[in-house]
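First chain A sits with chain B, and in the next complex the same chain sits with chain C.
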Partner chain A sequence: MNWLSDDAISRLQAASALPDLAGTRYRIIHRIGSGGMGAVYLAEDAVLERRVALKILDLPEDSGELATRLLREAQILARLEHPGIVPVHDAGTLSDGRVFYAMKFVEGQRLDRLIVSVGALSDRLRVFQRICDAVAFAHARGILHRDLKPDNIMVGPFGEVLVMDWGIAKILHQPAAPAAISGDEARDAISRDTLKTGHGTILGTPGYMAPEQARGEVENLDERADVYSLGAILQFLLIGCGATPRPVAAIALKAMAEDPAGRYASASEMGQDIARFLDGLPVSAYPETILRKAVRWGSRYQLAIVLVLTYLVLRIVLLMWFRR
Partner chain B sequence: MNKIVYGLILGGILGIFDGLTAWFTPAVRSQLLGIVVGSTFKGVIAGVLIGFFARKVNSLPLGVLFGLGVGLLLAFGVAAMPSATGEHYYLQIMLPGGLVGLIVGYATQRYGSGGLAPSPRT
Partner chain C sequence: MTGDTKIGGRGGQFPATRWSAILAARSKDPAERSRALETIAAAYWKPIYKYFRLRWGKSNEDAKDLTQEFFTRIIEKDYLDGFDPAKARLRTFLRLCADRFLANEFKAAKRLKRGGGAQHVSLDFEAAEAELGRGRVSLSVAASPQAMDDFLEKEFVRSLFGLAVDKLREFCSRRGKQVQFQLFEAYDLVEEESERAGYAELARRFGIATTDVTNYLAFTRHEFRRIALEKLREMTASDAEFRREARALLGVEAE
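Coming up: the complex of A and B.
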């Protein structure tokens, strides 16, 4: 009797774990990663001849809760058409009962890996500004991300920034015109009450989660919970880029205030403070003394000051020459 | 800050300093206020013209040359008017005036927004 080798068994296990995409337009290339709900695969869209990322539920489950969550994530993404948010292309159910959705395959680097190669603070802050823009857009559409962290941010080869993994996003309010979602399952999913996360449930990532979120106060969460996470991301971005300018540190501290009332009211407000810092303007999180204002003003108009001083030196030389 | 505003502010500031240096010429010290006002006005006009040129022409040498020319021309207009003693201070007025134009011409070419975008490569 010939026994299968360990290698053959592991191959068989891997093959059986692969989702059955028969009858769909997709062909799996390889597995990219996995999360709480399922796995993400790189796949080929045979109709459009392009690469997509497929997020597929691990196994069909009886309760259908995870399937509902996955479809809800797809619905949320469909509602958020923004250059900073990964677009969803398709959603449906596989022949083996597993729910999936197809999204843009983002080629690039995760933010936590990218900062190793991006040393300049201004470059990092520009990336951060784009994250704030995307999150602010989601907030304007009534969506909270609730799991913002460097691992969930992708930066593409052309500097495009994409906020990923909206799996535990919370719908704060429905927009005036609901987004159209393809698939019957998706329409069913939005009508189910099981979409809501119960009070006391803790979802998120320690270190990036707002205190009220960590306490499970789901009903009390609003945009400021994401602002807290943005503050934590900003602090992460400040690691390894030399001395942190006080206004930037103050922005991060304000965003991460224990009391939500002490934070920025919105992600766009925080992004505007970052933009003001990059433009050499005062930021709302950091009240300046006259001396600091003078130093900032001096560095902002450094060239003009140098030119005026150059003129004065030349003028003195001319005066002395005329007096000879 | 756009190039015209940049030129206006820089020309104005340099104009003030230009006028104040008249204090070192005792013969005209009594007319210092009028000189400072006139010189500031001259600097502002030069700054706006040079800033406008910088918006239209994206060239450092041409910008500096234009600045120098405008500075000298405006200063000549002032120097051509005789002082209370009937004297003309061509060199004393035109050299600093040209210097102001030269500096503003350089600054508006190198800095300030609103210049012509480079034409795309085909």
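Coming up: the complex of A and C.
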């Protein structure tokens, strides 16, 4: 047996870790990151001459469970054609047996890293609104993300928001209008989903996971589990941008209610409350007294009130002047 | 991608078609146990020999005897019955077994050996001794269990990759792909990074096109990876353990 130097071992490790893309249209540029079941590479699509991100299983496996899960993730992404959800371009199996899928390469920053440079509350809330829009779209297509957290959200250079990592998404029900996936494929996906996430299986991230999800009550999960995660993301976004307005804090609290019945029924409802706050309108999570209503109303129509008051004062002054 | 997502559920077990030396070592069949010993010893004897030399400061003669007896006793004394991959990695377990063996059993083992104890494994100790000299091993590795574990980890990778290279050589030779292997040797196995020739230089040296260099290297690396993972499979008892070990072996651990 030849003695292998440390240099040779490092070379062999690097060469063995790289996926074999021979026979595909992709050329690896470098590894972007890696996670529980595979790695994501920046690659060049030689046919379309564009950069893509390739998510590839890092190892072969006997059970085929991870390959199924990766393909299922690609199928779910394919069903979710929305500007706020990373689009999938292609999926397949490499010559070395590893399953992969190609998706848009998102040039941007993860939300948790970006937030340090976005100080204004209104800017952060607009980003959050777009996250709610994307999640609401997925819910409308019958998909639950189940792992929403700042690390899984990318913000592009033009402020576009993309929700990533749908690896543990759950299919709740078939969409009203069928997407490109056939009924059989969808049913297969559902049965696989049920198989892998039986009662007691805990999937998600502590701190962002709804209590019922943390208890492994897979059958009881619905859109409100994602609403809880959105509430945790909103709380995260409120860190470091000064005093939190009470209506916004109330929105986060409502979203993170222990009992799902106390939360927003959907991401869409939550997003609407954020939009109402940004427009200076009352939010459903925060019942107002007359005084608070007056303060909000005053704050919203500040300019008009100042103009009217100025006009009235001038009018009185002029009236008194002529009477003299 | 995230590293802290928790995925529950039971770990997959090896399908019956996969042969695992760890499982075979617990077999009632002596032939199967002997085969398991050979497989485990082939991958681990050098790391363990070096461990005896470095950690315990044994002379090369004593380390030879210890290594021989240790691997024989792994089977005879059913050491591997106590191995639980959920609790420790195999090399950590073997290190602890080696310590226990050294502390409690070596004297008895030595007596047995002098009385004609069987030796099942043929090992090239001169090569291992030479490697200790070449490897520029710092004596500080013996200072802490963690440093020793790291050292064993590295030596195990070296040992397993060495076995995979040998198997790849045989494989290429059988298939008439000696040039491919020589190219792999000249490019990927060269000792120092500074001695590494470029693709154009290798193409000239081997009298082939530069694109052939790319293709030949892709082929041998593909086969090397396959063989190395096959070897690793033999050293693990479940799919979950294999995946964990393979990630460490290939340096693809989650970030």
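Keep this in mind: the second predicted complex is superposed on the first by the 294 of 324 C-alpha atoms of A that agree within 3 Å, B and C clash if a C-alpha of one lies under 4 Å from a C-alpha of the other, contacts with A are read in each partner's own complex, and residues count from 1 in each chain.
Just so it is clear, a residue touches a chain if its C-beta (ideal position, glycine included) is under 8 Å from a C-beta of that chain, and two chains touch if they have at least 3 such contacts.
Bear in mind the structure is a predicted one, so any value in this text is a computation, not a measurement.
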Once both complexes are superposed via chain A, do chain B and chain C end up clashing or fitting?
fit
Broader residue contact with chain A after superposition on the shared chain, chain B or chain C
C
Just checking: does A:D123 make contact with chain B only, chain C only, both, or neither of them? Give me first, second, both or neither.
neither
A:R11 contacts which: chain B (first), chain C (second), both, neither?
second
After superposition on the shared chain, which partner residues are touched by A:E217: those of chain B (first), chain C (second), both, or neither?
neither
With both complexes superposed on chain A, which partner does A:D112 reach: first (chain B), second (chain C), both or neither?
neither
Roughly how many degrees, to the nearest 10, is the angle at chain A when you join its Cα centre to the Cα centres of chain B and chain C?
160
Chain B versus chain C as contact partner of A:L303, first or second or both or neither:
first
How far apart, in whole Å, are the nearest Cα atoms of chain B and chain C in the superposition?
40
Dual-contact residues of chain A, meaning touching chain B and chain C, are none
Given the complex, residues on chain A that touch chain B span 303-304, 307-308, 310-312, 314-315, 318-319, 322-323
How about chain B: which of its residues touch chain A in the complex?
9-10, 13-14, 17-18, 21, 24, 91-92, 95-96, 99-100, 103, 106-107, 110-111
Of chain C, residues touching chain A in the complex
1-9, 12, 14-15, 18, 124, 127, 130-131, 134-135, 154, 157-158, 161-163, 165-166, 188-193, 217-218, 221-222, 224-226, 228-229, 239, 243, 246-247, 249-255
Looking at the complex, which residues from chain A come into contact with chain C?
1-17, 20, 22, 33-36, 39-40, 58-63, 65, 95-96, 147, 149, 151-152, 165, 167-168, 196, 200-206, 216
